[in-house]
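Per-chain residue numbering starts at 1, and chain names A, B, C and D are given in the order in which the chains are listed.
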Amino acid sequence: MQERAALSPAQINGDLLHFALKTPRQFWIALGVLGAIVLAGVVSEGFIVVLGLQLLGLTNTVYWSVFIANFVFWVGISHAGVMISAILRLVYAEWRRPITRCAEVLTIFALATAGLFPLIHTGRVWRTIYWVFPYDFTRNVWPDVRSALIWDPSAIVTYLIGTILFVYSDLLPDLANARDRSAGFRRRVYAVLSLGFRGTVRQWRLQTIAGILLASLILPVFVSVHSIVSWDFSMAILPGWHSTIFAPYFVIGAIHSGVAGVVTVMVLVRRFLRLEDYIRPEHFDAVGRLQVVVAASWLFFFLMDFYFGIFSREAAEIEVWNLRLFTPPYSALLLVMIITGYLIPVPLWLFRRCRRSVRIMFWTSLAVNVALWIERYMLVITPLSYKEPFTFTWVTAYKPQPVEYIITAAAVALVLLGLLVFAKLFPIVPVWAVKEGQVLRREVRIGRVTVPAVAREKKY
Amino acid sequence: MAVVNTEALLGIFETPEQVAGALDRLRADGFLATDMTVLTDAPYPEGAFGEASERHRLYVWPFVGAACGLAVGLLLTIGTQISYPLVTGGKPILAIPPMINVLYEGTLLGALIMTVIGIIFESRLPDLSAAPYDPRISQGYFGVLVFRLAGRADMAQRALRRAGAIDVVGTLPSG
Amino acid sequence: MSEVLGPVARRRAHQAEIEALLTRPRGLAGPAFGAAAGVLGLLALAAGVNLGMLALGSAEPRAKWGYTASAVAFLLQTFQGAPLLALTARLTKSLWAASLNRIAELMALGGLITAPVFVLLLFQLPDWHTRPSIWFDWPGAPQGYDAAAILMLALAGLSLVELTTRPDRRSANPKHWALLDAGAGTLGAIYALLYVYVQVLLMGDLAMSLVPGWHSAIVPASHAIQGLQAGFASVVLAAALTRRLGRVQHAMPLDAFWSASKLLLALTLLFFYLFWAEFLTYWYGRRPDEQTLLTLLMFGPYAVPFALSLLLNFAAPFALLIWNRVRRSVAGPMAAAASIVLGSLFEQIRLFVPAWSLAGPVRKELEAIPPAVFPALPDVLILIGLPAAAALLTICALRAVAPVSIWEYKSELLLKADEPYLRAEVTVLAKPS
Amino acid sequence: MVVDVDRCTGCQACVVACQAENNVALNEEQRFLEHRAKEWIRVERYWEGEFPNVKARFLPVLCQHCDNAPCEPVCPVYAIYHSADGLNVQVYNRCVGTRYCGNGCQWNVRFFNFWDPSWPEPLNWQLNPDVTVRSKGLIEKCTFCIQRINRAKRTAAQAGRTVSDGELQPACAQACPTNALVFGNRKDPNSRVSTLSASPRRYRLLEELGTEPSVVYLKRVEVDVEQE
């Protein structure tokens, strides 16, 4: 599986630090375009603050909408980082090396973007500070721990801080490397950030242990985050939301979209940073195998949600599924979701040749995320807008409004912008991990074939 | 922190084999295993250069952090609920299941923060010492750092040179 | 920098070990085997007789089948969950599991016991008309579909055993190897899919359908994950016993137990997580039907098996397995595994006995919670006898094939070796594509 | 509160009275088309039967002030709590507008302010000074005219007695020409509300959710034998 070419450390430095240390013109163009989209989103949000949420397509029953769908979607994407990085570290998968950091950084920016949505979707944005921080000291009124919306910030803050620290501790050796390769002001900044890391035996020892230790600590957080997001929904006794399966269903959906998100970012990094030597077809091959399993589990949970929704033959739950399956536009959306989330990508991923094609992997990964966005949209909107027992709320078709489209697009741009700026400032491929891979690289001859091999520390 | 105000010498090598040889030679000259370390640009298997194994207490940090996180979490969840006991939805004032969700996050946050602090601390960072360093190390060269020279600078330098060092840099004027 | 190694030389060095594995009297030695087989056989016989008496007795009350259902579910969790370890290892190309794969796959033979009793249970189900079900009122539901599924699962297990033991039973030619390469993975995947499907049917038709208002979508998934946990645990337990009693310590290295115990730890955490997801939803929702369910399944008449299940499936193995020193031994993982296997039994009891105590006409909601059904002597004999029968099959199979798959052991030797690295020693793993 | 469905004529007097008493924003036609109309109490109208044998059925729906309200614990900022009187109280100052409570409520009686309300001249002169005008971005709902409850309590406390049954009425009950809406203290076994809710016609809306609503409905008495 590992068809890595042997590379010298100097060459690795040159390739991987190039983008961080030099500024090509495309960078400014990309920065400008993404910045403009983000700015449009900020302006739209300004209108919302001034004019109120009437600008959104909300109605008396559909109180949560695209913003919450975006929130769930981006939290889902953010699961990529830990999924790829932590699990692959724990199983010592060699192919993790070039992709761990872009996965983790994707987590940071996706999560930060996700965190914006619950705040901007509230009616009084300027007061939400009360929600996250205790505010009423004199009367001792604090946030209510019994609310799922308190579990939510606690989980997201934990995950965000954890991931940032994870990335930082993993970045130390590369900051030291960048310090050694730069001059002037940049050098001083890198020197301060790298805390004077010099690469002693002890420091490397701790780096390798840290990767494993932090990975195993952050995995339980990772599972809890999307579970708690799912409990925002399943705690309410709303038919279609109040389901026990939501926690694992959300997590597996998050992994599905997250792994696809990592593939997308891998392709982008490979293409724009010209890292064809580092992010190689065998990496896509390995991710593709993983995706087959993840997609199958996702479909299983989707079917369970469906089966045991209608299993009880309760009118309300059946109504929700009626809406999803047979009522346009939801029926069409559901069809698109199944096709792009499973029926197209999975058969392709079964073929080794498709898994190794960067182009196919890119488009299938995008398709999966289209499907997963639709899934979240359906999960949020349909239970809210099914025909309820009261005539007052019978016809409640929800239509997204222009500001919602703009802010959704701005969120995509914001995440990409974050990745771009990060890649500009820091090496997005972990230089030291790639070098470690070269150190541990071996070959074994069995009969007449030479098989790639890897050296591991003897465990006992 | 390790080598503040201490004279030290850094030999630059091209191959790991030379480094292992240099360590052997230094030990033969009477330097202690704790008086030298190897600088590399990537982790090598433990003991590859025949260096002394490093003891650390990193595994204690997450447990301490988890305990702190749990304590802070308990304080916050219990404190906020009983400081102004408002009934909501007929749920008990001290509602244990929701608390467990928050406590869980608090515990893990504490563990994560303390672990990263532990990594930095155990790595002896931030390193403000003036010990010699050379940018070539992160370019694939190897460094052998000898400290606590105590007047044996020449001896160390000879040993490094003889082991194949292409360069020796140091904080004291080389002789 | 890379040196070319001589795997053939290494292999020759280990040839003696492999020969020993091949030629030694397999599994338990003569009299010990006889004694064990005798005891297990007697227990199995007792279970069979009691099952027959239950089946020939009056149809009502159906509650009397609760413990039989628990025993079937227990077999499905442990013996039939075991081969999933081999599948996971093969899919991820994990060399550490090479020495556990054989035991894991042989345990699939338990399917021969599970399938007939499962089918017997299907015909004890109450009237199906208008019952909550994923089959609605389709003709032949649920008996036809469910029986087909469980038989297919047993069959897939047998094929897996046949395929993976073949190279050890007779000399294999290149065609065999090609078949084995493709077959073991594909068959394993089919087995896994069938396993999950059977779990859905088991929980849907033999448990949830019987309890008014119980339609928890997570239950099939959490039961399947618990099956992975109990299955992996039973492999660890069985392998640890075989290692000791069969004296194959050198062929089952510590590494296998160390790595398996990490998976067990992860699955133990997952067990609690899935329980929590269900519990929290019900606790927070507080609808009357949900509160009834919480009482029925967790805190009411079956509080004791529920508490034991939480303790043995989660608390005890978690407390053991978080310590690396415990994981890095044989006794530690074995103790945790034993706890999980036992806990799994209590988990089945708290799920299936209350469900079958409600097996009657279709009701919209549950008005009163029935009192606990305590096991009578026949129930106890069935609970012990059915796993004993499956264990008997497994140890009989161990007479015919080596406890460690020799062909996998040999290929592990080809792909894995210790060698010096400057002043240290490292393990080199080859990764053929 | 007890709602006698048998007495309700669907005249909507309660809706208008509530709108006036509680400074609820005006509902223009466009608001209904957008499904953003605010009616703290609303009269649901159902048609039953085939033409010409059609019957209109009316059902006034207001906040049920559930004892185990699903809207209360989901609020992260304690903007909703359960008062000692058994009221489901919305604290406008604290509300940040997550609208989570609105999702939890199955009766759809929680209304979000999509904009700042405005009253054209001279309607702004009829605003009730006892009731806050709620700004945009928060949730509002029926309070059982808490301003009247508090005033009655104050008056009674000054006179050194407790509030007697029937001493106070929320605007909707006061306006009801057929006395279909009856308000009172459920804890007082002799109050009219308690007597009425002991009726065999008693039921509660969406009772199966187990939220213990405080509003009791009395079933319609079927006089039409043909229908049965």
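Following the convention adopted for this analysis, a contact is a pair of C-beta atoms (placed from the backbone, for glycine too) under 8 Å apart; a residue touches a chain by one contact, two chains touch by 3 or more.
In this text, all values refer to a predicted model and were calculated from it rather than measured experimentally.
By the document's definition of touch, common neighbours of chain A and chain C comprise B, D. Counting contacting C-beta pairs between every two chains, the top pair is A-B. Ranked by how close its mean Cα position lies to the mean of all protein Cα atoms, the top chain is A. Averaging Cα atoms per chain gives one point for each, and the point farthest from that of chain A is the centre of D. Distance between chain B and chain D, defined via averaged C-alpha coordinates, is recorded as 65 Å. With each centre defined as the average position of its C-alpha atoms, the distance from chain A to chain D rounds to 44 Å. Rounded to whole angstrom, the centroid-to-centroid distance between chain C and chain D, based on C-alpha atoms, equals 56 Å.
Shown for chain A are the residues in touch with two or more other chains, namely 141-144, 146-148, 150, 220, 231, 235, 237, 440, 455, 457.
Annotation for chain D: residues touching 2 or more other chains are 68, 70, 73-75, 78, 209. Chain C has residues 280, 284, 286-287, 421, 424, 426 in contact with two or more other chains. Residue ranges of chain C in contact with chain D, taken from their complex: 284, 286-289, 291.
Residues 8-10, 13, 134, 139-148, 150-151, 154-155, 157-158, 161-162, 165-166, 168-169, 172-173, 176-177, 180-181, 195-210, 213-214, 217-218, 220-221, 224, 228, 231, 432, 435-436, 438-440, 455, 457 of chain A touch chain B in their complex. Residue ranges of chain D in contact with chain A, taken from their complex: 34-37, 39, 42, 44-46, 61, 70, 73-78, 94-100, 102-104, 106-108, 111-116, 135-139, 206, 209. Touching chain C in their complex are the following residues of chain D: 68, 73, 208-210.
Residues 67-75, 78, 80-82, 212 of chain D are the ones touching chain B in the complex.
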